[in-house]
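We just call them A, B and C in the order they show up, numbering each chain from 1.
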Amino acid sequence: MFNAILENLPYLLRGFLTNVQLAVFALGGGLFLGALVGLGRISERPWVYHPVTVYVNFLRNIPLILVIFWFYFVMPILVGRTLDPFVSAAVSFIVFEATYFGEIFRAGFQSISKDLVGAAYSTGLNYRQTAAYILVPIAFRRMLPSLITQSIITFQDTSLAYVIGLQEMVRRTTIVDSMEVRSIQLYSFVALLFFIICFVGSRISRHYEEKSRKAKVL
Amino acid sequence: MIEIKNVNKWFGDFQVLVDINEVVQRGQKVVICGPSGSGKSTLLRCINGLEPYHKGEIIVDGVSLSDPKTNLYKLREKIGMVFQRFELYPHMTVMRNIALAPMKVRKKSRKEAEKKAMELLERVGIPDKAGAYPANLSGGQQQRVAIARALAMEPACMMFDEPTSALDPEMIQEVLEVMIGLAKEGMTMLVVTHEMGFAREVADEIIFMDAGRIVERGRGEEFFKSPKSQRTKDFLAQILK
Amino acid sequence: MLAYNFDWGVLWRQPYGEWLLQGLWLTIQLGCLAWVIALSLGILFGTLRSVQFLPLKIIGTVYIEIFRNVPFLVQLFFWFYAGPMLFGQTLQFKINSISGLNYWVAVVALGLYTASRVGEHVRAGFASIGHGQYDAVLSTGMTPLQMYWHVIIPHALRLVIPPLTTEFLTIFKNSSVAMTIGVAETTFMSYKIDEQTFHGLEATTGAMAIYLVLGMTVVKLMDFIETRFRIPGLVRR
């Protein structure tokens, strides 16, 4: 009964690996850019705050699929040749998810008392140093549960790269399904894989949430 | 060393500092007291540029804060500040709290910075806590680490914003002792506090602020025995009960 | 840079402009219909998830966890491709020949998925109501069922309205995924315009503008509802 899955397992799993790779890029770039976005959102300089705010509010109103398409159309024009869907997808994800990570970081930054920042400044640290050694590390630790939750969402979102033909798991499942027509098994399988990763991830997030609630260390 | 000339500051419509004038010489210890909301903390924060002021001028060691070319970061190296709620970096050990600025701002090597940090920890009496995290320390210990952290940059002047107000009574003394030690070594100090015992022992000048103004200033015992203004008398009566 | 002739006229030239607007209409339909399902099921399962009675709690938890942890695209494909097969050989063909099947599958799938998210918010709402409330109500002699219906659920709902407005916004965004099974909503239309004219950049930019306007309208609408139902003195942002 599960022959369709077993015979195509390597093919499907390599597709799943693509999802994972895409997620790794999306998370790495998204977290980094997100920290910058968060800093921009609490900035007192209007020429930083306003563009970043527009960027965040703009992207949060638009479906990710559309962003993926948009970059798919835009990137060849900018770069001068057609691109690997993976690269186009990775850029879309980084730009998109950074807005969500940015808002999480922003909440984290705002939870840090002004006096703590003042203490850092009064030892002579400049803005860049204070942001790098104090603001970002503390916000990151405080917001870890939310960051993990958002990372899980990002991982789920990698399935949407389907629409530009990326050979990730969902696309490969539809390809196998068109040959074997064992839809129930195949789609249950891909659902199960995602479920396991996301469920485990949300448990980890819950664990950190409990830990920080009890410890109140940070 | 610090000159404050006609400084005024507003938060929106509310005037929080009114015509403040003061000169602090090197080696002087100035205590500022007054009811909450009188602008004492704000004044301290204006001196090291954490808060801007609107009228007047503050000059630190010859450098004016009103000058747009002034590098505030360099200026803050000269003035150390200790806060009411200690404000230690919770994600770093005590050692790293103290050594961070010397390493990143003065570009000292880790060895050098940590050696100095240990000396400072000895000086404030808790060398054994070097590897601990702030959350594992008592309030008094945290505040002493905060003092060590400020001293690590070898400032010419130290400012204290109600350093003992957030401490349990048993721990106030250990912090005051460190501060008295600093005073005896000749450090220039600006202290906002309600601890009048400390003021009596250490202060060259005591300033009473109310509603953003300096209401009265006096030297030592004279201030406590014969305050001139009624407001000062009322305040002292409350505090010294 | 690749040479590219921008042709923004695509957006209002017939029939393309009309396509986008038709797509918008479908986006609105999808979102609203699915929202009805999402709200009702979400409140149901969110409440089940929060009660003390274990069997109900398990049902609520299982539903929410399954539908939350699988990407919506996968869920959609499951219902669309594998769904009909669940009904056996004969019914399967009948189902697949229903016209507009993809539309209805999209509505139901979107509703089921969003219900799990609504359920999570409802659960969080219940969790933030202190134990005291429960004790106070029970001590007046109400049965648990009465307590939930008359006191706890209305209280939790009002706490939960801000995150729900975000979910309502999200449902319109997620409706775009339905394009993958051929539902002619906004994103689908912009892609279709690209197929015909090769001016996908302009088309997708136009679609972005449509979603922006839709989003701002929804936010205004939700703000209005929020202010009408806000609990005075409770700052819940």
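By definition in this document, contacts are C-beta pairs under 8 Å (C-beta built on N, C-alpha and C of every residue); 3 or more make two chains touch, one makes a residue touch a chain.
Since the model is a prediction, treat every value here as computed from it, not as a measurement.
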item: Most central chain, Cα average position; value: A
item: A-C or A-B, whichever has more C-beta pairs in contact; value: A-C
item: Remotest chain, chain B as reference, centres from CA atoms; value: C
item: Computed distance of Cα centres, chain C from chain B, in Å; value: 55
item: Gap in Å, rounded to a whole number, between the CA centres of chain C and chain A; value: 21
item: Euclidean distance of C-alpha centroids - chain A vs chain B, Å; value: 44
item: Chain C residues touching chain A - in the complex, by the definition given at the top; value: 1-2, 4, 65-66, 68-75, 77-78, 81-82, 85-86, 169, 173-177, 179-180, 187, 190-191, 194, 200-201, 204-205, 207-208, 211-212, 214-216
item: Touching residues (chain side chain A, partner chain C) in the complex; value: 58, 61-66, 69-70, 72-74, 76-81, 152, 156-157, 159-160, 162-163, 170, 173-174, 177, 183-184, 186-188, 190-191, 194-195, 198-199, 202
item: Interface residues, chain B side, partner chain A - complex; value: 45, 48, 50, 73-74, 76-77, 79-81, 83-85, 87-91, 100-101, 104-106, 133, 135, 146, 149-150, 152-153
item: Residue ranges of chain A in contact with chain B within the complex; value: 113, 115-116, 118-126, 129, 133-134, 137-138, 141, 215, 217-218
